[in-house]
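A, B, C and D label the chains in the order they appear, each numbered from 1.
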Amino acid sequence: MAFLNMLRKRLGGLLLVVFGVSLITFSISHLIPGDPARLIAGDRATDAIVENIRHQLGLDLPLYQQYGRYMFDLFHGDLGTSIRTHRPVLEDLQAFFPATLELALAALTLSILVGVPLGVLSAVYHNRFIDQVARTLAVTGISTPAFWLGLGLIVLFYGHLNWLPGSGRLDEGLDPPRTVTGFYLIDTLLAGDTGLFFNAVQHLILPAITLGFVNLGVVARQIRSAMLDQLGEDYIRTARAYGLSKWAVILRHALPNALIPSVTVLGLTLGDLLYGAVLTETVFAWPGMGAYVVKSIQSLDFPAVMGFAIMVSFIYVLLNMAIDLLYRLIDPRIGEVN
Amino acid sequence: MTTPITAPAVAPLPAASRWQDKWAYLAHQIRRSPLTMAGLLITVMVLLVMAFAPWLASHDPNALNLTQRLAAPSAAHWFGTDEVGRDLFSRVLYGSRQSVGVGLFVAFASCFAGGLLGCLSGIIGGRFDGLIMRLMDIMLSVPSLVLIMALAAALGPSLFNAMLAITLVRIPFYVRLARGQALSIRQMGYVKAAETFGAGRWHMVIWHVARNAMPPLLVQLSLDIGSAILMASALGFIGLGAQQPTAEWGAMVATGRNYILDQWWYSTFPGVAILITATGFNLLGDGVRDLLDPRQQGK
Amino acid sequence: MTMQASVQTPLAEQAPVLVIDDLRIEFPAYKSTVKALNGVSLHVNPGEIVGVIGESGSGKSVTAMLSLRLLPERSYDVKSGSLSILGRDMLTAKEKDLLSVRGRDAAMIFQEPMTALNPTRRIGRQMLDVIIHHQRLSKADAKAKAIALLRDMHIADPEQVMNSYPFELSGGMRQRVMIALAFSCDPQLLIADEPTTALDVTVQRQVLLLLREKARARGTAILLITHDMALVSQFCDRVYVMYTGAVVEQGVTAQVMADPRHPYTQGLLSGLPEQVEPGQDLMTIRGQVPNLSALPEGCTFLDRCAFATAQCLQRPPMQIINAAADRKSACWLSAPSHATAQESRP
Amino acid sequence: MKSIVTPRTLAMAVLCTAMGLGAWQSASAAVPQDTLMIGKPSDPQTLDPAVTIDNNDWTVTYPAYQRLVTYKVENGKGSTEVAGELASGWTTSADNLTWEFKLEPGNKFDDGAEVNAEAVKFSFDRVMKLKQGPSGAFPDDMAVSVVDPLTVRFTLKAPYAPFLSTLAHNGAAIINPDVAKKAEGADAYLSNHTAGSGAFKLVNWQKGQALTMEQNSYYAGPKPTLKKVVVKIISEASVRRLQLEHGDLDIIEDMPEDQLEALAKKSGIVVGDYPSLRVTLLYLNTQKAPMNNPDARRAIVESLDYDGIINGILKGKAKPLNGPIPQGMWAYDEKLPAFKQDMEKAKADLAKVSPKVSNLTFMYSDKDPNWEPIGLTLQAGLQPLGVNLKLEKLANASMRERLGTGDFDIAIGSWSPDFADPYMFMNFFFDSKLKGLAGNRSFYDNPAVDKLIRESATTNDMTKRTELYQQAQKIVLNDSVYAYLYQKAYTLPMSEKVKGYVFNPMLEQVFNVGTITK
């Protein structure tokens, strides 16, 4: 029952958020000075041409009618047509989103693989040399401008060393795998093409490091703080008093319990990574939503920007729900026992 | 909880509550942590650079010299020159005023506005509270960079507008924090006592709550300055920050990346400046968190 | 394991399981050091139940924690003295060697059974962790052993308890689990740090009775840390009274109760009515425990003592009252010539 | 006891994998011989020839479609003259109002369908019906009719001198009428696909990554040697350059001048340098004070450091201008002197303006990286004259909006012709009917000039037209309507393996992939 209640509340919240976000983005996009019809028409179009395009797009309707139309379409699964690309926004987002998600997940995985051990070491050797080093690394991660790091990595690993590719998702001239999930790492394996798989992995490494490095700091900080909390708990003392070795105590008792509260934080960083991908994608020519939305904003492509904002908010709320669920699954203390 | 397993917590805080002793204790804590110390040093250094940029700079940061374009670092130009021959060392120094200034402004302004709104929301409660919190939920779920970029595009690109935009998206975090504090303080009852002063004494109530909600807000604030500096430079990077000829680090990195293969110095120095400054503020913020967050004490 | 150790064996005939000798430790703190232990000496003989009583800050818990070296390394400095369990020097042993002592030679029971067990691990898992760690048993055997242990603790449905998380059990039940865990490897010594303080009064008694019954049955010695005089009087063979990090009085419980020699012990006992229910706080001594980072030169009880004399400006050493019974007190007045302190009590 | 994977072993595993992959990379194959790789900064927006007005999209559309006429190639150089492509010949009525084109038989679309008069009519009707950007190149009242399957007739209401040139424009592409039968509709289909009779057809578009083109097997012309053309989207200029240096790309577009010099020195790389008709100029808002005063405008024109801009910022990769019509376009007047900085005259002219000019704004966008340094140069030049120039950097879209409404003092822009006629530089720039974005961005309004240029547009005699345009030029130069900065060379870094590239000033960013070899 509690679970159903939660679900109902969250779904209600979802509707509210979508409504609010659409209203906000709609208002902002109409505050921005600029006439999309003019943009489409091009430099040399006469007023008559512009007027015609404006009419085709329904931009000559009163604002409330435009919004009404937009919402009506939205609830029928139609995010409108992009002014810039002339394609349905939903189709564009579908084309770009998997790349962003793949990058964000790779960055998240990387930051967890490195950040968790770092945070654990930091907490275990609290205020000692290892802690200082780990914290410095974490803070450096948080403080590094991603766009700058990305450029540096490209120049080094692609330009000078030529170890790793510097842009895109696959080598030039390679045909992408048949789209099933949109994740190249999965699609290449489904297609049984290991060469292509390794190529995709190579392309993913530098952008994932760039994006993941920032998150690494967040993860390490969170784990450190949660571990410090757990290491101060009585049950840790019990485990030690019963002869479990230091690392057995840390890894089997403290870490799982530190991970439980961290799940929320780590899960929400996935959201940050999705938005944060914008700059990384620009630098690495990663064909994701980031580059798409930056261009859309610059060309006053309202439907695309609104579609993006609504979809990301939607994902954000869904992510929150998923984290809630996960939390319930991994923490035995929350449940329907009582 | 059981008795503490470390030192019997009898002594650590000086019994005297004189402010000199408190400061001495604070100084002791900072000195004990080399990272906080490093953060403090960097921060002080950056603030000094900000204040004394005109005296430290070797050139007029805006003076063009088209015959000295993209010159490599040398005795005359320590960090080299940019694409119109301006001295990069001087521009990096002056750039601190924009980048760090924005960071400080954003952190303090969003802390103040969000803190106030959160306290009010917590104290007044009811529909007002519900409305504010829903609004904050929505703001939190709109991708922040999109919101900032859209706002900057709507208001026109300028450093001030970028500042306003970043401030706006940071506010919800403080609202939530302050509201949580306000609610728990409300539970403790002395707000109720203040309420009996009557409706005319609202400011007393707010003052009570705000003063008690301060420590967690300050922790968040100190952690935020670094990320605000980064966000400002990211806006500069995509061209929504300070306008030319004003020197701003993010914009310098952005322009410099066109030259990164042959003129590495152009985007390297401002990039390093961002990195060092943000690291300094973040280390200091970490230190402040450790000092003010009771959970981290005694461990 | 030495199961044959007779419960009724007179004191001090076999080698003690725990010996602490003149132990001094300090905790570095801001601009000062906290002198937590100032020359503690005590021992526990096989099969004996020994109480350590004192207010908070007396150093009793630090002593307990230090016995298994559970204090965070580097947070304290050992200034002098030694501590050994079954002849093994615990202060200099390598961390690796401690692992076989902890839980097998000496086990520990803590005050708050809610937080002392891992909240997200089932009871069974936590017990098996310990049993398998110390005894080479298969998983099935270890499980059978755990069930037997729980049943032995008068737990009606061991399987269900094994399957539960700590938060699903009552406080008394959790402490029974802790005791079962403590006995799981048949330790020679059991250190119980305020084991019943967090429990209901009625449950306290059951748990203590259980603890004593099982200890006597297995010949396990118990070091019982408490602030509760009534509890000591009912359960302990011998008692050490601690104050400001040192033992101020020691002896067989009955003797100490009947004839306390240190004014501090007298103070502890003064509020103790006959047939008192355990668990009530009876501390009625005026004044406060002195700051451990700035202990006075003389007797540390000086400020709170009604009988202080000029001699007390010098710190009193342990005075032997009855060597055979190992009865001592650290008060100038308790020397045989001043044996009138009790009579002159107001 | 140690059954679980420790973080340390995991980290080691990751590191080893990464290193293994690194080793594997160096063994990866280079680009195949018969594939041409082109690197450009941004994805095409739409591939519909009736919609796109962006050269960036034409890289794909131009080789995928054919037109009635095309630009001639003479001695390996692109000409501004046209010759028949799909048309084998044409006739014009005496009044220049009726044009009849004969189609070459045997041309086929990429699905095998015949290119006939119906297809021509369909394509032009579609452009005129959609009324989007490309329709602006053609007269409003143009009517197209089918005479017979291989003859098509265009009827105009008024003479339009550049008409033949406009038919070589990307918007004049002949589209397969069968697209109307596509499930998603012709408009949606064409924005994502090609449906032409050109040498290549689009086979795959990975949005934001790459567009892959392969040979059109029905192409009637000579078979191209390239099998495949891939257009890669790589936004960072430095990365594009690295990829060219590593042999991952064959041609890269849009490189900053400062990188070209270093790039040209690399072995195996050639930086093509072609005279182009792209002019960069400042729009001086003639309808907003203080720039409505010709003296103020003259002062701006005289205070500009042309030499510093061309030799400093552009590294000499540009030519100074002497008037609205660039060198290489007929009607160019070689007798006019090039613009030069003259601070004394600028000071004198500025002194005539009252009230005194002290603040001006300069609007630019990030579309061209040279615009910012130019603004800074102008700022530095105006400072000694007591004028504070405020630089305003906008997103390109916002800037265009303000150009359209005339909300600026000075703005910068570039302009390259869509078809080979001075009409592009005179009528668009000065006709008072085309104020704002359409072309007359200085909002100039002079009936005398209107009369001259409109007459030139409806006259067929080239000498007469030249004379009319040169008369108009004198007037507008005296009025300092625009500040003409430079005529920039088109530079194209490519691998030395690429042979046979032909540059046409009308077709920047378009590659003759049908005849390029590698």
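The working rule: contacts are C-beta pairs under 8 Å (C-beta built on N, C-alpha and C of every residue); 3 or more make two chains touch, one makes a residue touch a chain.
Please read these numbers as outputs of a predicted model, since none were measured by experiment.
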item	value
Furthest chain, CA centroid comparison against chain A	C
Whole-Å separation of chain centres (CA-atom averages), chain C against chain D	89
CA centroid of chain A to CA centroid of chain D, Å	36
Chain A and chain C, separation of their C-alpha mean positions in angstrom	54
Chain centre separation in whole Å, for chain B relative to chain A (CA means)	23
Touching two or more other chains - residues of chain C	65, 70, 110, 112, 115, 133
Shared interface positions of chain D, touching two or more other chains	1, 236, 238, 242, 395, 398
Per-residue multi-chain contacts in chain A, two or more chains	32-33, 151, 155, 159, 234, 237, 245, 252, 297-298, 300
Chain pairs in mutual contact under the definition given at the outset	A-B, A-C, A-D, B-C, B-D
Parts of chain B lying in touch with chain A, wherever the complex brings them together	1-2, 5, 33-35, 134-135, 137-147, 149-151, 153-154, 226-227, 230, 233-234, 237-238, 250, 253-254, 257, 260-261, 264, 267, 271, 274-275, 277-279, 281-283, 286, 295-296, 299
Footprint of chain A on chain C - complex, ascending	65, 68, 70, 95-96, 98-104, 107-108, 110, 112, 115-121, 129-130, 133-134, 165, 167-168, 181
Complex contact set, residues of chain C against chain B	27, 29-32, 34, 36, 56-57, 59, 61-62, 65, 70-72, 75-76, 110-112, 115, 193-194, 289, 291-293
List of chain B residues in touch with chain C within their complex	1-3, 5-8, 10-14, 25, 28
Touching residues on chain D, where the partner in the complex is chain B	236-238, 241-242, 256, 258-259, 262, 305, 308, 312-313, 366, 369, 372-373, 375-377, 379-380, 390-395, 398
